[in-house]
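A, B, C, D, E and F label the chains in the order they appear, each numbered from 1.
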Amino acid sequence: MKGIGQLAVGEMLDQRVMIKQSMKGIAANGKPYLTLILADKTGEIETKMWDTSDVEKYAPKFIVHAAGEVMDYRGRTQLKLKQITVLDETNVEEYIQAAPLPREQIETEVLQYIESIQQADMKRIVKHLVTKNFNAYFTHPAAVKNHHAFYSGLSYHVLSMLKLADQIAKLYPTLNRDLLVAGVVLHDYAKIKELSDPVTPEYTLPGKLVGHISLMVAELEKVGAELEIDAEVLTVLQHLVLSHHGRPEWGSAVAPQMREAEVLFLIDNLDARMTMMDRLLEYVEPGQFSERSFALDNRSFYRPKL
Amino acid sequence: MKGIGQLAVGEMLDQRVMIKQSMKGIAANGKPYLTLILADKTGEIETKMWDTSDVEKYAPKFIVHAAGEVMDYRGRTQLKLKQITVLDETNVEEYIQAAPLPREQIETEVLQYIESIQQADMKRIVKHLVTKNFNAYFTHPAAVKNHHAFYSGLSYHVLSMLKLADQIAKLYPTLNRDLLVAGVVLHDYAKIKELSDPVTPEYTLPGKLVGHISLMVAELEKVGAELEIDAEVLTVLQHLVLSHHGRPEWGSAVAPQMREAEVLFLIDNLDARMTMMDRLLEYVEPGQFSERSFALDNRSFYRPKL
Amino acid sequence: MKGIGQLAVGEMLDQRVMIKQSMKGIAANGKPYLTLILADKTGEIETKMWDTSDVEKYAPKFIVHAAGEVMDYRGRTQLKLKQITVLDETNVEEYIQAAPLPREQIETEVLQYIESIQQADMKRIVKHLVTKNFNAYFTHPAAVKNHHAFYSGLSYHVLSMLKLADQIAKLYPTLNRDLLVAGVVLHDYAKIKELSDPVTPEYTLPGKLVGHISLMVAELEKVGAELEIDAEVLTVLQHLVLSHHGRPEWGSAVAPQMREAEVLFLIDNLDARMTMMDRLLEYVEPGQFSERSFALDNRSFYRPKL
Amino acid sequence: MKGIGQLAVGEMLDQRVMIKQSMKGIAANGKPYLTLILADKTGEIETKMWDTSDVEKYAPKFIVHAAGEVMDYRGRTQLKLKQITVLDETNVEEYIQAAPLPREQIETEVLQYIESIQQADMKRIVKHLVTKNFNAYFTHPAAVKNHHAFYSGLSYHVLSMLKLADQIAKLYPTLNRDLLVAGVVLHDYAKIKELSDPVTPEYTLPGKLVGHISLMVAELEKVGAELEIDAEVLTVLQHLVLSHHGRPEWGSAVAPQMREAEVLFLIDNLDARMTMMDRLLEYVEPGQFSERSFALDNRSFYRPKL
Amino acid sequence: MKGIGQLAVGEMLDQRVMIKQSMKGIAANGKPYLTLILADKTGEIETKMWDTSDVEKYAPKFIVHAAGEVMDYRGRTQLKLKQITVLDETNVEEYIQAAPLPREQIETEVLQYIESIQQADMKRIVKHLVTKNFNAYFTHPAAVKNHHAFYSGLSYHVLSMLKLADQIAKLYPTLNRDLLVAGVVLHDYAKIKELSDPVTPEYTLPGKLVGHISLMVAELEKVGAELEIDAEVLTVLQHLVLSHHGRPEWGSAVAPQMREAEVLFLIDNLDARMTMMDRLLEYVEPGQFSERSFALDNRSFYRPKL
Amino acid sequence: MKGIGQLAVGEMLDQRVMIKQSMKGIAANGKPYLTLILADKTGEIETKMWDTSDVEKYAPKFIVHAAGEVMDYRGRTQLKLKQITVLDETNVEEYIQAAPLPREQIETEVLQYIESIQQADMKRIVKHLVTKNFNAYFTHPAAVKNHHAFYSGLSYHVLSMLKLADQIAKLYPTLNRDLLVAGVVLHDYAKIKELSDPVTPEYTLPGKLVGHISLMVAELEKVGAELEIDAEVLTVLQHLVLSHHGRPEWGSAVAPQMREAEVLFLIDNLDARMTMMDRLLEYVEPGQFSERSFALDNRSFYRPKL
């Protein structure tokens, strides 16, 4: 049985899925309808339920049995729903996209990198922070959409960047490996405060009004005082977090002013773009172009025949 | 006796002044020289000492007796130094530009505005912070150059904005006056961490790598936890501080998302520009244009004859 | 009985309203329909009439009795029309949004500010211009949409700015109050030429090809010659009008080059934004965010619980 | 005898020239000096007079006998002055750069183009305006520096554009030739108000605070009322003038909204750039690059060997 | 019988036309439909076929008999299809828009301009290239949409520019006419590689990944080597092609660095804009505004009554 | 004996060095002088020779014995020259900065990476091109200034990027390693045409008018035809070269449209920035900031004490 993300136009869906979002609307002809986002581990698809606005009956995180045909609607797939039944189940974790590695492996590898930090205070504060919100850190997504918007997406993104950082630190010996590792582990840490929960993430009030970058700088200040962390270590970690979007116009309050800050920005960018390009080209045949991606400057990507 | 800022081209200086800056150089003909910035309460002027590079003898904060003639050098005044003698004095506060109001009056009025805050937690955290660094808050400048770059410049700027905020809150009754007042008092508070000292201010390491906006958001987090401040109050104050530069490209990590945040940004701008325009036009005759001001988009301003 | 602007989704409309706009269209299924904008004093709402294209029968400024239910359509309210009858009435002024103050009060207060101008020629030309188009000046809106797009919107905007200007002139004594007052009264004066009429305003040909700023500079030249106004007064007033959008990229032919021109630009901005934010947040509950506003840089605004 | 503009580095000047500008300065060694711009019909050169600040003795428009050697100073030529004597002469017109055509020929040809306008009101207002300031229109430069900054530069620029407009109107028959001709004649007309005089032009107060574009729109309004010009003609001429800088960010209050306005903008640009490129490449050998030109986007131009 | 481009809203179509594009979709109510672009020599119109998705039966380049009524859909015309029958015909050339001049005339005139080139190598390479792809050069459009998107659009655009270049070379004698002529003939030459075919043009793979500008520079290198063209001629022609979009942000790899390159850019722009404005205003009445044009900076154009 | 790049302010130079540049000037006092750039393997320093303009006697690539003291001139070091003697030596290669690895090692490693390409045509064209200009490819710098502006700078930059590409291809298995390797080897290949020679590089005429990116696309076209390379391979290699500056505004004619093109752009950027940051921080003490770097967005970088 194919998953939602694997169905092509013309194929039929007839299986258990989770409602991820549910929104009311009225059609051009004045009738009410619901827009549902149905999801399973392989992806998600939009569908319409006509002549109903019962958003409580078809609520997010409900498990349903749905049947219908996959159609093309303005270049995007959409499900033409034939039948839908709400089930009495709550095992949502079986219906959500997750990182390509098991959570346990991500945990083990990230913790090994943290253990490899040499500088005592830096290691102490990084360990403290990850331990303090252990579960959230290893289950939260890195975003609501775009790159790493899946269960454990945050820590999977961190792990990919740690591997890059490790190689780059070997190729460029002037880099302080401790700073790079600590910066990677902490740079998106406050996404656990910015986003509400790992399954159906939404922006929180502090997420909207303050944002994960400033929330993390504030967290470092508070925890740094509790643990009596060395002032230089604290300032430098705050700088790594603050500058990791690279330029003010991309949401960075200050521009990178240390080698390690510049590299952190560049490999964050590299991992995010690779992930988005891979998803975009996943089902594209050799010799074809993908759809356009808004997050990739509205570009369409080509998959060579070579 | 005229002060430094009041001397016109062709007039003579012959009095006690303070060395504000001292820098070594070598001339086009290969000889060493010192560039000194001499200052008193009324302003400052640049001068050159030829054939010396003794920056220890003519160091910042030293009081000297200087004599010479004011010349025009590429449109800016410069002192042609005839004689300079280092004095054994340390009363630097008599030689620095200060706010146009006495510090005591600024203190009294700012504290009255703080007392007028109604919301209990907001008043509590604002009072705590101002009290905690009372002396620095009422003596620091608001900048190294441009607007309010003088002794007590920070609190004088705050007081001017409080008066504006007070009137605007009366004209637009939907504004939450408490939020405006608290936002004005706190918005530049962390300049006391960003700048080294009130007399010869320089950027500190946290000032460069983190910046006063993020330093303040972090300070609010730490103190908010200590005082157990209500979460909504804390988030909203952090937002006011974070967004007060208005747009990301002007150094604001997030754009204003509350009425009061937008108004805070606008009146900060209004007070800063009025102050810069007033200084620019101070000695300009009616019917004449001022010099160009880099900080005012390189504009030159006209003083009408009316 | 609730007005159009006060109805929530799910509530019923059943009352007299005015047709403000009427546009033909064809639906996705090929059938013709009309889009009507229905309005009363409290606001306006869009509705669709299916299977008709009779734009003469349902024309702008016609009074109708309309009934239907308020629905949500992609985040905006829309009326699901059940019944509509054209009435034989012409009292359109009872169905249009107007300034929050009575026209008489606006007139009286604006005229008092004009009387307070000290400089003779400046007072003479300002009085002449306002008197010459008295009725239009006190009934025109300030815009077709966005801020102050209502009956007497122009003069209400002027009055709000005069109150601000008055306070600011007190706080910053270097400002020439006459110039500020005259600049505020005249800055948008030529909107009475740019927009066709106060009830269903559209851009005129000179409005599109020349624009209200240049139209006003031209008007000042012509009237200045008639009244033999002092050359400096005329040039300075033309500059205030020309520069009040602040920067070339915001439609200002020249940048402000006088203190009063800069302040005029800033308080125009402040009043426009306060008005837009107030309208945006009018029905938003504490703790909630508003819709996004295109005119406010696509921001959504938060109404704090405090 | 070579003119100033024809002297190469290493050659000697020893002849009568005019002082075009005279500015005081003090050298790095504290001594006063004068910077003079010396000019004749072929060009101008900068020189320094050491140990003097007598700007009254060496004033603009004075004729002097000067001798010295042409040197290279940071890539620009500069005269090393050996001797200078003020003469008792006032024939400044023999020492200023002028258009490459005699003024009489420019007059005759421009007037012929004006006569060729068919539409009565358009012809009437154009003739009236040119006649009213006949002498100024045919002697003013088009600018203080950059393109057409010479005696009769304004009308020479107009004539070149008229020839272009004439050909383009033939190639694109949908263009209204009358509008193009009238637009070309009037587009820079108000430079006679913006710039003080044809020999040593400086910006006037209305030139700085209002600018030639708005001054012309205002002039058309006033004269249009006097001559009772048709409203459409007036609006359309105002639009041509207003939009001829093409885009708001290039100083155009409105963008071109008629075919003829777009073409006016494009040929103004074409003639200005051709003139600047020709001057830049005038003495450049085949196979060489010119200096960089700030007004041409800081580009350097190549003269091919072909 | 009126052509497709001449039909007004409310008129009927009942004649032979060509299917230019055919795309599948599903409606808001879940039903499939086809969007067809129907075309003839005078223009094209969009229509919808309901309840079918048979894109093979209604394929591009098929000739059909279609009947229906022209409707207005959101400001654009659309055909409400009543009947459609596929015909057994293949004479597509009778149904496509073509240049306003016969192909033979375009050929003759362009070849005469090429013959007028004086420089031997330049003439040789230009003739070789045009001869090598003679048929494609004189039938390809210059674009998929916007300006000159019709049969022989490329060579018609070239011919219009050659006429402009000819006149401009006479008015500005410093221009090298050979370079201008050769630059005009070659500047868009590689559109024959960038676009698939003259009737239903689409971007090719090299068109997307390399683009016509770089494809032409590469072609010149290869052919230049074959014909042993003088190095300076080759470099200069490559520069003319490379820089003809004027600025990097408009797709030009290098900015123009020769007089002729700057003029080539300007007249390419002039001809493109005249063509777009003419098409936009073709059916607009005097005293009216056109639709907005995205390619013309979203401007609407006015057709004066004069 | 310390090299030029290692001397601090106040230290003495007294040894053999090479003249790298020699430029004439005249001082503010009217006297001629020469500005010389003196260089050895460790760096370069500017000096002035007073009262001479004999640029033939002190010409580029001449070996001299120079003595003097290192001074600070406006924040940059400058040599105060005491004595200079031209020597009869020509061993310039002993006086120029070179890559940190021996040329032989760079050759060997780069060739190994080329051998590892799997796809036959891709390997063939890459080998052909590198072999064809073997000596130039392994001695040219990558730039005149900024990053890798030294002997063998081009191939050293290529080798660093190959190591990065190799690791990244392992971490992201969807990348086509052949394409990455070929793209890295070829991306800056045409710098050997853009820059005149490896010792005192200047831009060539094709370098200025065409640029290394377009020169390489053209070279691939010509050589691709000679070797009959597969069309897809050729197009894809041209795309990698064309898009490696990432965005049109950074000089890229097309944006990257393949995963490998995006990664090529990112690692080119990463290696360039690491190299510039390393040079900037080379002699900076822990706890200090570097000078500002124009090429790094005018940033100053901090070297942490950790």
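Going forward, a contact is a pair of C-beta atoms (placed from the backbone, for glycine too) under 8 Å apart; a residue touches a chain by one contact, two chains touch by 3 or more.
None of these values were measured; they are calculated from a predicted model.
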Open item on the list: Of the pairs A-F and D-F, which shows more C-beta pairs in contact?
Closed with: A-F
Open item on the list: If I compare contact pairs by residue number, which of A-B, A-C or A-F overlaps with B-F on over half of them?
Closed with: A-C
Open item on the list: If more than half of the interface residue numbers appear on both sides, call it same; otherwise different. Which is it for subunit A and subunit E?
Closed with: different
Task: Centre-of-Cα separation between subunit F and subunit E, whole angstrom - done: 43
Task: Where subunit B and subunit E are represented by their mean Cα positions, the distance between them in whole Å - done: 60
TODO: Mind checking the centre-to-centre distance between subunit B and subunit C? Centres are C-alpha means, answer in whole Å.
DONE: 39
Task: subunit B: positions in contact with at least two other chains - done: 28, 205, 208-209, 232, 236, 257-258, 289, 302
Task: Pairs of chains, among all present, that meet the touch criterion - done: A-B, A-C, A-E, A-F, B-C, B-D, B-F, C-D, C-E, D-E, D-F, E-F
Task: Partner subunit E, residues of subunit C touching it in the complex - done: 24-26, 28-30, 32, 205, 208-209
Task: Touching residues on subunit B, where the partner in the complex is subunit C - done: 119, 122, 160, 163-164, 167-168, 171-172, 174, 176, 178-179, 232-233, 236, 247, 255-259, 262-263, 266, 269-270, 273-274, 277-278, 281, 289, 297, 299-306
Open item on the list: Help me check something: in the complex, which residues belonging to subunit B touch subunit A?
Closed with: 205-206, 208-211, 213-214, 217-222, 225, 232, 235-236, 238-239, 242, 248-249, 251, 253-254, 257-258
Task: subunit A partner contacts - residues on subunit C that touch it in the complex - done: 27-28, 48, 50, 71-74, 78, 80, 289, 302
